[in-house]
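My structure is below; once you've seen it, I'll send some questions.
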């Protein structure tokens, strides 16, 4: 189980790191104020600095409330059951992206929908396959044929001559 | 001007005869990759060519226009670099194709592109507000010289053609402006019409709407010869009535921007020939002539050695300004 | 009243069977591209552009503008149903529209959205008809300092709105600004913060962020809560559309206020997105029960939609009269004008009155057509929510990633959308407000450019923001908006203190 305290601290550390990346990237362009106003790096620099300082603020206040014995922080952020649900949704999504960039988006779309409907949603094969191929066909004709927008394609699409 | 076009088409015709059968043909839809956002000058250039090709059925395959205007157009050239060897990606740009790598750290080099053709030269003029007391370039430059650093020159983007030209004028005359970069020529035109800046160096097309209404007026054009006569635009004056900057007494003769077409590196030579041929056919249609006249550009078709020579010369002239101004990054 | 004669003439031009058919076709196509995320109005318009090469300009612009109206309506549809704004300007519609859909009031939310959008558009067009000459002259007064003041005003109206921790609000807003600075900086010509990754050269697209933060973030949270999607239970009756229409007059004040905000932001260069955010903020601020906002308050749908469409139609005027495109879509249409052989600019009204007034007349007709067509689709769209989540969930995932890819045909954007999805999920669970991030991303770079251009104008002096009555009053309004809530909470604090003391004594 992840407590709210851990999640707060983790997120604040992540935004702090993001702020520092921005600050570091902005220094290259000058952060001062010259005769024509702020230098190119000034605006991102102060944005990054604000992010970093406000993240520190969140860190300090969270730790402070923890020391003060705030009950809300000890609450669950994500219990085992919830985590399972989120991960069972997130991992197929990740797999969909990986398949998209390797096998092409149409193949990925069909595989992903089949997996989600047949094995997660427990639908029968007929509605599953109909939905999966129907969706792929809809996007193929809507995007490639009608709108002439092409999606990522892999070896299978090339083989089919799409 | 006319003599030149005839000579050019003659050269081109003899070229075409030298290469009889085109071996390469497109086999799938062609992407026109545009180095500007929708509505920009390069976008209009690519889309008018698309419309002419479609109308005259010059290419069998369908054409898809893709706008990649990020990083002042660098995104399109980087996309071209990624399409190495793929002759179905045609990149449309200006001189930015070979000038951008000088002024910004970008992930492509000019050698990542294969030159195909240039179809026109876009002109630059000095424009002032319609109510401005200055009626010729000399008087305006003298006024700027008298009060250095108080006149404002608007242009589109930074370290791009407008600012380069401003730097060249400053260098040649000793005048000094405050250069204010805007998002594009349209904004620079409105800012001048609203009297927020003193002048801009817009292309004819970017200021024509405001000139028609008398909100701005042209002082001189940076071209070796006057522009084609055309219809009168405002108060009976037309493009051909604008003096060249040399006539107006400025020690700077010419500044023009080519409208260019590129392919990725390592494409078959036949493919380059194929597109150069298509572009040449486009450049001879009445629709193209009408477009060029309406936007007051100078029609000039270039390919092969003529194009590479032009590019080399233009690159050298611009690179000198970049060095003097301290814009070079590498 | 010369304009009325011209308008009547315009109706003669626009009211032909051919043009009405084009309007219907445009609106339907527009709804389709609007509903598919990633294929927003700008894509739709540039897709149709080649088809218009052979048309006469009036027919061509009627087709394109109808497509634009359709896409705007389509964009609101996905905002309400799936929390995925199809257009930047329909982000604010998600705040209350999606909660309504989740409570099973999708039909009501959609009907409110479409009806108020139609109302806003009409208000915008009426303004164009009455004041075209004046507006064009007024817009010329705007330079960089005034632009900055308008953007500043939008921010000022929006901060201090939510009840979130100030630290978290600052993190969220500053992150939005930071994302907006990535890529080519047009004022200096430098490429900023890309760490030499080419994929970042064009910056982080706002649409990718929205698809991730809103669409995917929402899905992850719905999953965690265990597939509770109350919309499933709701019955959709066509009658609901009519019932909602009858309820609309009750919100006359919100409609009026939002139209004014929208028109104002449309003719000044704020644009539809800023207008919808500002209108939402003003609705919440002036409401007697602001705590209802964000939980499915109809006024939270009506206000941004009205302002969005009022601004969208009012912004056509600067495009035609000055040649400044107010939005990406307007930029594509301007490209179209050039190809058809027209030069946008002050003289267009004089040289081609048939075109301009035909277009204005078609804006009246096109919006009426669009509202009727989209209202007819409400039962259809609302019943999408009755499909079990285990089908619709993965389908939305597919749509989100396809949308992310089609924005710029970049593989990288798919990964970026996933990353934003995670950010959205964590931010929502930890009460980081997302709206400031989105708003900062949309107008952050414009505000920065305007500020730095102003500083070049004044050679580094801030006094330029008080240098004329126009910019001075804009800045004063902005500061008032910024300080008012602070003063309000200070006063409440003092009152609490004094009553506490009085109670003690």
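A, B and C are the chain letters, set down in written order, and residue numbers restart from 1 in every chain.
The definition used in the following text is that a residue touches a chain if its C-beta (ideal position, glycine included) is under 8 Å from a C-beta of that chain, and two chains touch if they have at least 3 such contacts.
Keep in mind it's a predicted model, so treat the numbers as computed, not measured.
**Q** Whose C-alpha centre lies nearest the centre of all protein C-alpha atoms?
**A** C
**Q** In terms of CA centroid distance, which chain is the most far removed from subunit A?
**A** Result for max centroid distance from subunit A is chain B.
**Q** Counting C-beta pairs in contact, which comes out ahead: B-C or A-B?
**A** Result of the comparison of A-B and B-C: B-C.
**Q** Measuring centre to centre with CA averages, how many angstrom lie between subunit A and subunit C?
**A** Distance between chain centres: 24 Å.
**Q** What's the distance between the Cα centroids of subunit A and subunit B, rounded to whole Å?
**A** Computed from C-alpha means, the inter-chain centre distance equals 41 Å.
**Q** Where the centres are mean C-alpha positions, what is the separation of subunit B from subunit C, in Å?
**A** 34
**Q** Could you list the positions in subunit C whose residues touch two or more of the other chains?
**A** 185, 187-188, 190, 409, 456, 459
**Q** Where in subunit B do residues touch two or more of the other chains?
**A** 178
**Q** Give the residues of subunit A that touch two or more other chains, as numbers and ranges in rising order.
**A** Subunit A, residues with two or more chain partners: 36, 148-149.
**Q** Touching subunit C in the complex: which residues of subunit A?
**A** Its residues touching subunit C are 4, 7-8, 11, 15, 18-19, 22, 25-26, 29, 33-41, 43-44, 47-48, 50-51, 54-55, 57-58, 61, 77-78, 82, 85-86, 88-90, 92-94, 96-97, 100-101, 105, 109, 112-113, 116-117, 120-123, 131, 135, 139, 142-143, 147-152.
**Q** For the complex, which residues does subunit A have touching subunit B?
**A** 36, 148-149
**Q** Give every residue of subunit B touching subunit A within the complex, in rising order.
**A** 29, 62, 64, 178
**Q** Which subunit B residues qualify as touching subunit C in the complex?
**A** Against subunit C, subunit B makes touches at 37-40, 43-44, 47-48, 50-51, 54-55, 65-72, 74-75, 78, 103-107, 152, 157-160, 163, 178-183, 186-187, 189-191, 193-194, 196, 205, 208-210, 212-213, 215, 290, 294-295, 327.
**Q** Which positions of subunit C touch subunit A when the two form their complex?
**A** Result: residues 32-33, 36, 39, 43, 47, 165, 167-168, 170-171, 174-175, 177-178, 181, 185, 187-188, 190, 192-193, 195, 216, 219-220, 223-224, 226, 388, 390-391, 393-395, 397-398, 401-402, 405-406, 409, 411, 414-415, 418, 425-427, 429-430, 432, 448, 451-452, 454-456, 458-460 of subunit C touch subunit A.
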